[in-house]
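Before any comments, here is the structure.
Naming follows writing order (A, B, C, D, E and F), and every chain is counted from residue 1.
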Amino acid sequence: MAKTHRPSPLEMMNDLSLREIVWRALQEDIGTGDVSASLIPDNIEAKAHIVSKSKGVIAGLILVKLTFKILDERISFIPELQDGQRVEKGDIIASVEGQARSILMGERVALNFLQRLSGIATKTATFVEAVKGYPVRIVDTRKTTPNLRLLEKYAVRVGGGYNHRFGLYDAVMIKDNHIVALGSISEAVRKAREAIPHTMKVEVEVTNLEQVREALRARADIIMLDNMSPEDMKEAVQIIDREALVEASGNITLDNIRKIAQTGVDVISSGAITHSAGILDMSLDFEEKNDDKSYNL
Amino acid sequence: MAKTHRPSPLEMMNDLSLREIVWRALQEDIGTGDVSASLIPDNIEAKAHIVSKSKGVIAGLILVKLTFKILDERISFIPELQDGQRVEKGDIIASVEGQARSILMGERVALNFLQRLSGIATKTATFVEAVKGYPVRIVDTRKTTPNLRLLEKYAVRVGGGYNHRFGLYDAVMIKDNHIVALGSISEAVRKAREAIPHTMKVEVEVTNLEQVREALRARADIIMLDNMSPEDMKEAVQIIDREALVEASGNITLDNIRKIAQTGVDVISSGAITHSAGILDMSLDFEEKNDDKSYNL
Amino acid sequence: MAKTHRPSPLEMMNDLSLREIVWRALQEDIGTGDVSASLIPDNIEAKAHIVSKSKGVIAGLILVKLTFKILDERISFIPELQDGQRVEKGDIIASVEGQARSILMGERVALNFLQRLSGIATKTATFVEAVKGYPVRIVDTRKTTPNLRLLEKYAVRVGGGYNHRFGLYDAVMIKDNHIVALGSISEAVRKAREAIPHTMKVEVEVTNLEQVREALRARADIIMLDNMSPEDMKEAVQIIDREALVEASGNITLDNIRKIAQTGVDVISSGAITHSAGILDMSLDFEEKNDDKSYNL
Amino acid sequence: MAKTHRPSPLEMMNDLSLREIVWRALQEDIGTGDVSASLIPDNIEAKAHIVSKSKGVIAGLILVKLTFKILDERISFIPELQDGQRVEKGDIIASVEGQARSILMGERVALNFLQRLSGIATKTATFVEAVKGYPVRIVDTRKTTPNLRLLEKYAVRVGGGYNHRFGLYDAVMIKDNHIVALGSISEAVRKAREAIPHTMKVEVEVTNLEQVREALRARADIIMLDNMSPEDMKEAVQIIDREALVEASGNITLDNIRKIAQTGVDVISSGAITHSAGILDMSLDFEEKNDDKSYNL
Amino acid sequence: MAKTHRPSPLEMMNDLSLREIVWRALQEDIGTGDVSASLIPDNIEAKAHIVSKSKGVIAGLILVKLTFKILDERISFIPELQDGQRVEKGDIIASVEGQARSILMGERVALNFLQRLSGIATKTATFVEAVKGYPVRIVDTRKTTPNLRLLEKYAVRVGGGYNHRFGLYDAVMIKDNHIVALGSISEAVRKAREAIPHTMKVEVEVTNLEQVREALRARADIIMLDNMSPEDMKEAVQIIDREALVEASGNITLDNIRKIAQTGVDVISSGAITHSAGILDMSLDFEEKNDDKSYNL
Amino acid sequence: MAKTHRPSPLEMMNDLSLREIVWRALQEDIGTGDVSASLIPDNIEAKAHIVSKSKGVIAGLILVKLTFKILDERISFIPELQDGQRVEKGDIIASVEGQARSILMGERVALNFLQRLSGIATKTATFVEAVKGYPVRIVDTRKTTPNLRLLEKYAVRVGGGYNHRFGLYDAVMIKDNHIVALGSISEAVRKAREAIPHTMKVEVEVTNLEQVREALRARADIIMLDNMSPEDMKEAVQIIDREALVEASGNITLDNIRKIAQTGVDVISSGAITHSAGILDMSLDFEEKNDDKSYNL
């Protein structure tokens, strides 16, 4: 994937929490100790390569590095690629070198992170590719794996997508239930504005054109068209006429996404790019020893 | 899915850690506060139903209950089904009743857990179904989501599968790297036996029949046939002749799984049932109010 | 303070983190055990009242309740007032009843929370009062006590103020350093828009009218006038002409705040309402026993 | 402030907990990531100075260092002063040098710590100054910010004050409620001695001279004169005649503190030096670049 | 053991930390789930008794209760005795009733706590018994199990002993290294007094009578006679003449303790009562079912 | 102790959790700060030796290293021996060199760990010695100190023993209660096999020869002879005839252990090697200074 001119997506991550997530994952796998790796004498060094077993976009190398460094700070981590780059089957993504025992101990955790995030980046890239040429953003949702949201939203950015709000706390989303409870779209928006910081936006979810007009009158910052037909979306875009951002949502697939992009919406949000991405398959291959000096595993 | 005679799979979970996982997930989503739900007056009560949007096996209801109870202990959680039961599109899985605000606040976290685990149970059930009639177990691997392994392995049991080891700590797995480092399969097994508790088993991963024979001579408890052809697997089963458990592994798909079961192996392990299960899609639907007394959302 | 029609500010707090903060504070004070309270026999019951020692606005009663409930769930907590209400010297704010030992053990922690938050609410209310009649918000900043931001921002809302962003993560703030690094205001805004979620706003800090015009052209959502004179602020408001929100910042005091409000800015942000609020002084007074039956402490 | 001959107050702090407090504070501010700092390319280096905006005593430089080191270990932290030294408006307190992005990210947290602690040290120094020439200690109370007590008590020491007990666990304090519950001062002291380690002291709070005599007879280690008149304090000091330490407490202000010191008490305790100290105002100023090689921010 | 008139020792414990310690211990034992207890159907109820297998003093029942309550709040915990009471072999200490599965799951953790603490209380009681008639305290040291100090010091109190300082933070202990570093005992005491809160005591460790005199002149609060002969201890007591508390320390055994008590020291400290107490052996015995209605395990 | 050919037992420990355990232990001891060590100027360096005060086997040096490194990373830790080696009274085990203050601060925690673990290794070695010549393993139980199991089981390995299961999660243990609840030994084993991973073993506890035969027929992996006479054990071994591992358990002492080994059992499990090991006594001795240049403490 050609790297975009956007600031490196890595920079938006909170590095401070990554160590904690990786540490937990290592604890989960190692528990009271790796009974297999402990059999290997501690003077055996090895070098191993993370190799892609299919085609896709890489995301999450920092987690591979952290996994091995937390386990054993003497391990060298050598990235051969960077997050955001495309791989073909057989490409070496990164290498690690150090005590064979430590490499074996971290292998599964490192791959579990990298495969999952690369899977999300890859799926996102497919969606982004599908709308090429249209000025529309592919964004994620809150349908992420519990306790991995920060990582999965990062993978979406790596894949060329953008993020929607990070949680319930950083933007208002007014849905039908809020509207029923508060009386009307305009009343809901008014109450939201009165309660929230002036630094925060209000998004309204609508299902028909009448609601589009009401949300527009209520001066919503973003209007989300939920499960509307492409025809209605097109009309909604015309009604809104740049007075609010327009987001399309609901059952977005590779089949219909280009059609939706053509309606002129600003943003298309998809849960599938995170919750149904699958993994990008990889393996950790140990280098063969070919002399009696170096890697003897 | 007809419930098996196995002890309820729920009982093997460590309930103590569940609250912590759910608590974290709620913190991740709510952060400094739910700016949308806070708009709804606290005297508005509601009832809502979790409805399946496709066909599958339910797993993880305890997490839905915990999500809402941790948020607001006055919420009633009414399961309409139990983990392990099959649903069709439109079936009500569970209901929640209480402050509308609390229900809205917990909705996403609850569904994120339930959809993911039900997706795994559903995929597992498909694999289990595919080998029906053969005395073989479908088991998981360590290819699980970091920090959710306990839950995902539970979902595999709910779907009719079985668990492989839980981590690096509860069984020895001797792979090619261990064999190279330790000299031979028999030396590796011997060293493992000498180091580990007598309560622990030793599994050896082999790739050809010669290694099968060696592992058998070394008295491995379990012999894993890695990426071998069905024909070789069949022969391996005959060679081993019940002296060790036989596990088939590597690129197991719905297409080839029955063929593998026919080889007579005891266990088939699959990473895909956890890492590529996708979700079972669901929604939380609020009940319409039909009089002016009760649920007014 | 007359309660506004805004949603109760309490509802925007993340209740899940409060227990943890209070638990820590209790641990900090109690350590290995309260060597004084432990002298009191456990059959001695008492009733005590939290009494204001000066005039102000109450904020943080939930923390008082949590402090005592976490220590001893049998303690009754009886709020006599609600957050946001004004008190005069001598007013009873809340009462607690239960084991004398538990009340003594929680006294200091409960008061430390309540006094601090009420101090912030009181100071905020003074600022809000000072701009009465003008359509301007008093908002807080990130100049809060480390690890108590959520609580202090809550107290600002209780005092009639509003919140600015909660941290570095929920809105972009472009300051002079960003502008230097990125070339120009317009380039900085453009890069920000390209990187952040469409649900997020961009604020630009400016120090003169030329920058005001540039920020406006760059379509900033919010323009912060930093340490500008009231005259320049007035002109800035006219230039901006409702195309962006206008925030005044820098050395806001009770003396100059009304003058600033008169310039027509939408928002006035003040660090002093959190970092220099002082406390609202209170005491916990035990009820005298007047017969030999009831409270014998 | 001339450094006293006391052991460096820093040494009494438990360094192990500082990292945790700073880490939490960074998490609180950065959350899911600094969306503004992330815009700045990672090859931009900068140097910035922490400059005092008013007159006072510096406390808490270790926290500034930790803030930046935890964020980015490559940042150089150069203290220009040490804790306990006085500053005038415009003085440079410390400098930091490294990635501009990291400096911007840590700025607010670092200043929030340093300003608050320096505020406490400054206020304490004023009180200490006011009693100059009298052999009396100014000590703090437990009226500290929840979860920052260790730091605030450190700042008191830096300002020339001393600490009272750290919590409910390290000394007995017998107040009126204990006396009522246990029958008399002497009975309360006796019961305390019987229960506590022989390494721990017993302090009794009294409000009149009769109680002073009773506490003395009960052999209290410390007698606290609560809200007594200077005349009564003087008499109490004579009655006690060095048989116990004498502590004055209650409404200590800059106006009355010297008068109280003149009574001959050993210790004057003040809640105001922690709970109402306000901050010592500072700013982080980036160095201008004056050539095209070095700091280009 | 006849209960003393001291305040119940339980009250000096910080209950807040107990739940955390027990929770961790349960996690340590249960890990990913109790694979044996999970076999037992959840409708099987049982009643079981904790029975002493030898003679001693009970300590730690609260931990037994917490263990079972944290696992399963429906379990009834029925203490038959209270901490501090003596048991003979065969005595029932407490009973639990509820799901058989939960009882089996908590059994080991509950016993591990109770046996260890009762072992310490028992050993302490033996030491206390041995000095009966002398006005001397048996106290513990900091030679406790890492991370269980609070519990072990509690058990010492239950056994009739007293506590020494809880850690490095709540009293000064000047040993030879401090004296060498600071020049002399008197200089060390002077520096300590100058640095520490007035609420804290200073103890000096001495090894000969000359040092006793020096420590006395330096006005130490407590003088610890380290490994001195009974004759020297006696003389030291006379020299000190109630001007400081006198503590005997070093190789205290049941054989020599009475002789040491006779020297007139106030306090005898022993590491052995915690670090070498061994356990008080117990078992959890399930009640036989004698009809087909009730407990069917 | 001659080092065995087993893989270094250290390698089976999960190093990741050690830092956390040591950190907690330091916090427990240091609390708000070491008031004694803080008196020592920070320019005083020292060297000190950990010296054994009796005869035994060393275990836990890594914890000593971690204790000092966590406190002060500039401290040099110089092990003079390795875990598993025997010491006589007076032997130097390890040395530390650095700031005197830091060494004093970490002394107690370091020794508390090392003494306890060495005590366990020493006791285990005695048991191992006692069965010398017999092909039998001495193994531990779950009767370990709460929250230190990992360390104590490590010490058992260091002493020449082996580990039993680590918790309730890594092997099935069927006891009388399970048998009663499930109907029979064979039914219990069958249900266990059906529920657990194929990687896990099933152990059955029996008390007589009839049960031995039943457990054998049920194909248990391990049969534990609980409190049986040596004669019955011998017969059981013959009955079982290598078809299952045979474990002897119950009241194992130095007196009877050799007799039990002679019965031909494979494994002897003992709770006493962990719960009643006592400590191996040691001291930290500071080096005398013998010139005016080097260590001046």
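Heads up, the rule we're going with is that a contact is a pair of C-beta atoms (placed from the backbone, for glycine too) under 8 Å apart; a residue touches a chain by one contact, two chains touch by 3 or more.
All of these numbers come straight from a predicted model, not from anything done at the bench.
Counting C-beta pairs in contact, does A-D beat B-F or the other way around?
Ranking A-D and B-F by C-beta contacts puts B-F first.
Please identify which chain has its centre, taken as the mean of its CA atoms, farthest from the centre of chain A.
Comparing chain centres, E lies farthest from chain A.
Averaging only over C-alpha atoms, locate the centres of chain C and chain E and give their separation in whole Å.
45
State, to the nearest whole Å, the distance from the C-alpha centre of chain A to the C-alpha centre of chain B.
Between these chains, centre-to-centre, one finds 23 Å.
Of all the residues in chain E, which ones touch at least 2 other chains?
Those would be 7, 12, 14, 30-35, 37-39, 41, 150, 166, 169-171, 191, 195-196, 200.
Flag every residue of chain B that touches chain E in the complex, lowest number first.
7-8, 11-14, 16-17, 150, 153, 166
Inside the complex, what are the residues of chain D that reach chain A?
These residues of chain D touch chain A: 23, 26-27, 30-35, 37-39, 41-42, 70-71, 101.
Per the contact definition, I'd like the list of chain E residues that touch chain F in the complex.
Going through chain E, the ones touching chain F are 21-22, 24-25, 28-41, 44, 46, 100, 104-105, 108-109, 111-113, 115-116, 142-150, 166-178, 180-182, 188, 191-192, 195-196, 200, 275-276, 278-279, 286, 296-297.
Applying the document's contact rule, which stretches of chain C touch chain A when the two form their complex?
So the residues of chain C in touch with chain A come to 5-7, 12, 14, 137, 139, 162-166, 169-171, 191, 194-201, 203, 222, 245, 247, 266-267.
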